[in-house]
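Okay, so here's the structure we're looking at.
Letters A, B, C and D mark the chains as written, and numbering starts fresh at 1 in each.
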Amino acid sequence: MIQEFLKTRTFTEDLCKPLQLEDFVVQPVEFVSPTKWHLAHTSWFFEVFILTKFNKEYELYKADYPYLFNSYYETKGNRMMKTDRGNLSRPSLQEIFNYRSYVTNALSNLLEFNPNHHELLSIVEIGIHHEKQHQELILMDLKYCFGHNPLFPIYEGSFDEQSSQEKNQDWHSIKEGLYKIGHHGKGFCYDNETEAHQVFLQEFKIRDGLVTNGEFIEFIEDGGYKDPLLWHAEAWDWIYAENINCPLYWRKMEEGWSEFALSGLKPLNLDHVLSHVSYYEAAAFAQWKGYRLPTEFEWEIAQDKFTWGKRWEWTESAYTPYPNYKKAAGALGEYNSKFMVNQKVLRGGSALTSSNHTSKTYRNFFHPHMRWQQSGVRLTK
Amino acid sequence: MIQEFLKTRTFTEDLCKPLQLEDFVVQPVEFVSPTKWHLAHTSWFFEVFILTKFNKEYELYKADYPYLFNSYYETKGNRMMKTDRGNLSRPSLQEIFNYRSYVTNALSNLLEFNPNHHELLSIVEIGIHHEKQHQELILMDLKYCFGHNPLFPIYEGSFDEQSSQEKNQDWHSIKEGLYKIGHHGKGFCYDNETEAHQVFLQEFKIRDGLVTNGEFIEFIEDGGYKDPLLWHAEAWDWIYAENINCPLYWRKMEEGWSEFALSGLKPLNLDHVLSHVSYYEAAAFAQWKGYRLPTEFEWEIAQDKFTWGKRWEWTESAYTPYPNYKKAAGALGEYNSKFMVNQKVLRGGSALTSSNHTSKTYRNFFHPHMRWQQSGVRLTK
Amino acid sequence: MIQEFLKTRTFTEDLCKPLQLEDFVVQPVEFVSPTKWHLAHTSWFFEVFILTKFNKEYELYKADYPYLFNSYYETKGNRMMKTDRGNLSRPSLQEIFNYRSYVTNALSNLLEFNPNHHELLSIVEIGIHHEKQHQELILMDLKYCFGHNPLFPIYEGSFDEQSSQEKNQDWHSIKEGLYKIGHHGKGFCYDNETEAHQVFLQEFKIRDGLVTNGEFIEFIEDGGYKDPLLWHAEAWDWIYAENINCPLYWRKMEEGWSEFALSGLKPLNLDHVLSHVSYYEAAAFAQWKGYRLPTEFEWEIAQDKFTWGKRWEWTESAYTPYPNYKKAAGALGEYNSKFMVNQKVLRGGSALTSSNHTSKTYRNFFHPHMRWQQSGVRLTK
Amino acid sequence: MIQEFLKTRTFTEDLCKPLQLEDFVVQPVEFVSPTKWHLAHTSWFFEVFILTKFNKEYELYKADYPYLFNSYYETKGNRMMKTDRGNLSRPSLQEIFNYRSYVTNALSNLLEFNPNHHELLSIVEIGIHHEKQHQELILMDLKYCFGHNPLFPIYEGSFDEQSSQEKNQDWHSIKEGLYKIGHHGKGFCYDNETEAHQVFLQEFKIRDGLVTNGEFIEFIEDGGYKDPLLWHAEAWDWIYAENINCPLYWRKMEEGWSEFALSGLKPLNLDHVLSHVSYYEAAAFAQWKGYRLPTEFEWEIAQDKFTWGKRWEWTESAYTPYPNYKKAAGALGEYNSKFMVNQKVLRGGSALTSSNHTSKTYRNFFHPHMRWQQSGVRLTK
């Protein structure tokens, strides 16, 4: 566990290597956080959920850091407004790295002296996965910052966001029947993946390959963004209010469509897998095509049939609790359950997802208009 | 069908009898519409979906009424902004009643001459149910207008909003198994109730009686509105932003709690059935009590076991399409499906619901923060 | 004074004769009030500033009316939010007329028994002028309601909003020198017109005739609304945000420009005097023409040279206190002085102004983007 | 002129020496700009108003910088939204310093080869004063960033914001009469200080010393922020909406009042000169004290009688053009005149003002609710 912990901490810091100092600071919109904040918040998590709890002599690195770096845990005291994260030039980046070292060392020591403390290990495991989630958020947020900067800075020229997907539009059939859903067996899972339970599915077909950029251009050229019958009412208001007419990182240039990626702004590749669309766009596209999105249960049952396409895949399922779901006691109960309304489940994992983080029962979730996560579309009928 | 049509039209007008002319005009918030508008919009529905379609010689009552009285049908042309409904003093109420008579007569004639026209009859049936929905909306909206007027005007002193519910807090058990869900058999249903399909349910228990005002006061007095662990994150933001601390029509007076009803402002009766709470409050209450809300499938399977309590009952289920759902072609396809995101299903029917309108498979839906519909809470475990 | 009082009360009611009952109720935007509210508020003014003060036995007509009909007097207790005025269907119009009669009678009696009470008479005079101001507001507000109703209802077919202005674009010269400004001599004036004081003016020229519709069309056709160099920075933001491209009641139809007036929607008459422009538009137009707006002092000194054009005329002067200005004690001190920031002075009087209300020293004031008052433009150089 | 230019450029860079790199980037509110942006914008000014105009062979440092660093000149092409200034991590600070050097060198060369080019020199002089204005803005903005950071970082421990004012509350009398106002004689001035003209003033008295913190605490303790009769209507709305109850940088701590300054957070010194109040607070305070604020003309005539107190002093005067004011042609005409509405004039100069920048005829201006400039209060009667 120590090794996994240290590896995770180091990997977070490795993600920062291509950055200039200024890149750690900015927050262009509320849902994006500065890299500096992610570095600190993931340390705060270990500090308040583990170090202060399991080591009575532990001293906070700084008394005011819990106020600065709590994200949304109401039961962990007051916190700065989310919109203020990008307004703080101090603590400096160097200070944050000192804070990280302090926490990493303290937790390593704690683990060394308590190698078999079951409760401790189980929360450390959550902390590690929590940090992996923020590793993906760091990349998502940097992509947003760079992709909305008129200079289109490059994060890393060789960063590959593509799927290895073969052009395969075959359909896999799944028979109707009772299936077991949710985490069972060994290995880590979040509370929202439990309890495992039976679900009855009607027969359905699901496509092997994810939707490509080329397919989505056909939708645009057919007037997809202008036909109200394809859209949910709230989606229609959204595309009007936000002036939406293409996926998030597409740009219409004189010479044709371009797409921004962490490796820079490049001509759009039609064979590449579509990404950064909202649920609204995914659903409108599917309807235009004559199909629909899968439910999260259909996805989970069919997932060993198709090739995962390195995108988070929108499902039709709302993010609600499984039968017999029990949320964790205390502040950790705020981790997942309080978001179980008004959001849609995404399944899979993206090119920005850290290794060993997602799984076939993992339930990611976002509001239906969000698209700065690397989301794609799988068709079902 | 003519009889049912005429009866429905007359009943709408009967609902207006207790009103003074000024009451037909006001729109205090966007989601409330003036009675005058409801009277006209229900006529517009028959005019544009039926009269102009099945009677080639039909002349619109006034050329600009479709612009004024279209609610949300993008495919039926431009329309006035929803927030402007309460800004129009003209057409006068008398003009609107003339419009109603004109449409009622024209449709009666059409039905008389086409007694067996299946498509016509089927859309008229939708139109009748559409008007019944607006009958409930008229009462909901008037309750909102009067309940937010510092003078607390009385709609009708004898209007009874109470349930006949016995104090019965027994629990009914439902076994796990495969159940059939959705409309099947004869009789009218909306497209969102189809197709009937099988659903596997875990074993659960559901309470016979709805939650009462007395039970909810215990929640308030125990600090329910102040404990963040009971609330969804968006709910917590909502109660803070809107300063929510009791159900919509409750008022804390010097002499204790009062509740506004269409029969006036009266001391709160603790034995009466709770109403006008949001999904957020329903879910927080259930969690505080150690229970949960039913899914819409659990509700539907159990509904013949318990006494209906004359409230729309919040379920945990998000409003999404049933398997193999097909939305209607053209503008009628906008009726239901475009709202299938970000809303919760309510089941049952309220003291304001028109007779012969709801059924055991009827799916009502509202955003989770809404509470001007007469919504209540049924507990499950 | 009794005669003037009764005449004023009656005239207010006469203004309502062309209305249908629904017209008394609506409030399409915050700055417009329902006629019903004006009828009540002008009665409230007499009730709280005079009747309760000078008649110890006076009983309020209804205990909750002061809450409903206070406009902005912080020192006169709580009041309903301004945006709620159009949300109240009750008290009914009939009730409001009863309220008016009650107040009119009570005040008549009070005056009859105190014919020489100087303080009483002086506040009654303010109350009469206050009601005259609201007579103009009733017409302004009805014009807004009707002019924004897609049916363009007519208030009164014979209502004449035009000036009798001859086409006279001569310039009058005023010599530099010391001039006396502000109210002096007999007759009523508001506190903001005092104290009379000397002002030194540079030489200037002022045009005899107000700007006409025809002149303003030239501005539009020359791209006046699209040249940022003509506009104040806040004006430029305003025309963009509100999509402003012509005066308030102009409509571009297929057959040319139309203008809405209380007598209905009619083809624009190029010789008529321009009205319903904001200060921003007035200033941009003047700059485009190579001139400027007068200061309020220039206007006051020159006003006996030119023909008044029945428009409120924008001046360049900000609404600030005169030297040695003393605001009234108590709540009446809120009447004028608390608005002495961020507003511009208008001089003159409009076709909607009640007789015997305005004068050569009267200082009207509005925010620079407002234009539902009948404002026009006089050029200076 | 070269010397003055180079000295100004260097001084701007000297102001940055106490900063850490992160401090150059953040923009906590719209009206505050990142230091990085100020460094670039002042270079942009020289580039587009001078270098591209007077040197035909000049090449822009980077083609997209004009888009990034234009502040508000509509006639100089498109520009980034003001709220986005703090969202850009690139160009990096190092790049901006390179840009500055490039521009500084190019302009030095240009001046060297055109030592007597009158038009060139006159715009360079404006550019120098423009940069001095931004020097003050840099300090104002850093003070805002640090003063709103929970860690209250120190800019420079020895930075002195205090006035040397003796406690002197004597009143100076000015006789009524005709006075000459506005810039005349030699030396630089902005267009808004012209033309010099005569103004007639009534007799008045003006206080020698500015209002102190101690005097303002009396206002607070007497309930000044809670008495609506002291406030303008818009001020009353503002203190409610923004929850204002003390000057901007005051903090009520357990041990008493503290004040944040560029030298850090320190106990409030009652003898120090009040700063960072809005016009609204200045006017309410003056009224509470039984006095008023001076007009800008009174200030200008009396300014050689009293000791300047190192604060920008609010006047009662609205920012409007002087008689016979002519704005500059082209884009430089946007510098001052387009802000001549809805703002108040401030006179004097602050402890953050660069040397040789302000003068007795200088007209500073801010919206009446603004208080991040170092504004104080001088009383008049």
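Keep in mind that, in the parts below, a residue touches a chain if its C-beta (ideal position, glycine included) is under 8 Å from a C-beta of that chain, and two chains touch if they have at least 3 such contacts.
As the structure is a computational prediction, the values presented were derived from the model and not from experiment.
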item	value
Furthest chain, CA centroid comparison against chain C	A
Chain centre separation (chain A, chain C; CA means) in Å	57
Computed distance of Cα centres, chain C from chain B, in Å	45
CA centroid of chain A to CA centroid of chain B, Å	36
Contacts with two or more other chains, residues of chain A listed in rising order	none
Interchain contacts (touch definition) - all pairs	A-B, A-D, B-C, C-D
Touching residues (chain side chain B, partner chain A) in the complex	72, 74-75, 178, 197-200, 202, 228-229, 231-236, 279-280, 283, 292, 316-318, 320-321, 323-324, 333-334, 338-342, 344, 368
Contacting residues of chain C [partner chain B, same complex]	20-28, 36, 64, 67-68, 80, 84, 86-93, 145, 148-151, 153
